[in-house]
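Order as written gives the chain letters A, B and C; numbering starts at 1 within each chain.
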């Protein structure tokens, strides 16, 4: 039975740096498996729509521009995504990847939260 | 005229991390009555599972609780795989077990800090949460997220362990083991802290059995009940754990049980890393699961987590029922409250490690139907387990 | 004119208010560093006070609004009055008369009493329990703390703080009355409601204790009063037991050294229940200080 069982820790802390990491002045490098923003590779996509079916948050939408030549456009909602990577697993051709360094995704208005992937002309045509 | 002085703790209260409404009738500082009202975090998850397919439900159920999320996902995956007749490959099961034990470490360290904070011992709170960062960094390097790891998929796991991961896990565990030894010493020898935990909230073995306690709360009263040993799931048959019990049944015993479980977790993780089986990570699970019903039980950090899954052959489930461990332990708080001081109430509550988000399920009782006696129910259970292969 | 400046600006009035905030910052920063974290920046207590003064003061229903608005003012007034008689900043006290030790201690108790009354005033259950605990704690540490501070008074042969200060400069009473020092230190922790004696404002049990219903200006005044109490309490114990305070350098050095000791004790201990606090005080605190007094009386009898 003693008073001050944490004396060793407490005394030692006077001579140690605080454990607080002062973000945003110091940033740790994110691990490579971090699940950040989703990226879509148009070359590999076959349009099977499994990612759309399996997304728990309806965050990804795939639009057919031309099924024969496999031209698609993708609309991805950053604010709905839960960053679970189920779409990455469901996609057999491997067209989806989650970035490991784009994770500071906060914004002050709604526009940055809707991301379009695909040919620019296709996107314009679809959104019209 | 008797004084009915009711102190409400919750729904908004600094003692509670999540909302719940406790009403303690006090006479001076001595509690003479207690009642509870839950349901503030009810989100209708069980109903929501009925309109999502099996893959989507994994992530929905994972978010029932932030700190036992992997156990929810694991229970769901094990149950669905049982229905579909698929067995996940051994490497996947081992990785599931490993992440589950890492989550147990995470949960117990968090609990240690919160319990110390409720006692007013902020120093232990700050230090144990600083050390918890280590296990969260390990989990982030391994799975990609610090909370809600999403390591499971139906049929296996998403993430693999390579040599570098293994090294970083071991390094983290070495650091944590030394710190845990220090915390065990603090919790059992610090005079002022013992004044708040020794002899408070004593639950005898007989009371624990009668109230139906589960998890470390029960094991602190010498109840030998641990699903990882009673009904091994995932890879616990290959990497067994030993049960940790204490006899005193008071708050100090609950602290000691949880800290000693941390040592068991470190040992099991090291064993898994040493003897990780080779193989693939996922087995193929069909999109439409065969019709049937099944149960699956896992040992969450708080106790026994119970899932009932019913499929009707389509790609959305028919019914998923979740019974979380806090549901069993909550009644003991009320039973123990009477006779203690008001200052002991937050300590007793935190001693059962409440997780209100897990807690809030709803039960619909329809009128009619046939009524079973205790003997019939017991016989049904015996037959069910006899039939099990 | 000189007297008014001494009363309002230095070393009374504004100096006490800002000095109290500086000491609160020092306490919070030390506790944070001892817990291996960063701690607030230097202007945090000032920012808190300014913010609170700018916020709306919500008067709950069912209270006596005269008392509700007047008690914080009375509490701060008590603390500021007590500041006039202690050697703040190392200078001689502005006003000094025989017996002012008792007046100072009672002015500080007035602050605690006002806190208790403020809690009892409302119909909020947390405040009532907090008020009960505040007053219970007041009754338990008051006697030993008073006796521990009267030990040096007895050695000096006078109850005037100025004279005790000058006497202590020649005789280090820390060495002569160690038990008294320990009781005075623990008593100071009880008076300032620092852990392990912060049951009256136990955040995890009764939200904020007696001051739960206060917001805006009332809360700001109570906090300023508590900060002033911190500074005055430190000055008293440091000047009595650490060899007197003769100049500003000694003032800052000794009080900050004592604050370091207080912060370390704060971080090392959990919170005691109110019945354990009372038991501790009336069993060990009172007995220790009475034993010290007995020794003192015997020593004086032998020397005379």
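Heads up, the rule we're going with is that a contact is a pair of C-beta atoms (placed from the backbone, for glycine too) under 8 Å apart; a residue touches a chain by one contact, two chains touch by 3 or more.
What you see is a predicted model, and the numbers here were worked out from it, not measured in a lab.
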- Note on the structure: Check: interface with higher C-beta contact count, A-B vs A-C, is A-B
- Query: Closest chain to the protein CA centroid?
  - Reply: B
- Task: Please work out the Cα centroid separation of subunit B and subunit C, and write it as a whole number of Å.
- Result: 45
- Message: Using Cα averages as centroids, what's the distance between subunit A and subunit B in whole Å?
- Response: 28
- Query: subunit A to subunit C: how many Å between their CA centres?
  - Reply: 53
- Among all residues of subunit C, those touching at least two other chains are 34-37, 267-269
- Which subunit A residues touch at least two other chains? 3-4, 6, 9-10, 19
- Would you pick out the residues of subunit B that each touch at least 2 other chains? 123-124, 127, 130, 190, 192-193
- Message: Residue numbers of subunit C touching subunit A in their complex, please.
- Response: 32-39, 264, 267-269
- Parts of subunit B lying in touch with subunit A, wherever the complex brings them together: 52-53, 55-60, 63, 123-124, 127, 130, 133, 140-145, 148, 150, 153, 158-159, 182, 185-186, 189-194, 282
- Query: Can you name the residues of subunit A that touch subunit C in the complex?
  - Reply: 3-4, 6-7, 9-11, 13-14, 16, 18-20, 22
- Item | Footprint of subunit B on subunit A - complex, ascending | 1-6, 8-10, 19, 31, 33-35, 53-57, 82-86, 89-90, 98
- Task: Using the touch definition up top, name the residues of subunit B that touch subunit C in the complex.
- Result: 5-8, 13-15, 26, 28-29, 116-124, 126-127, 130, 190, 192-193, 195-196, 341-346
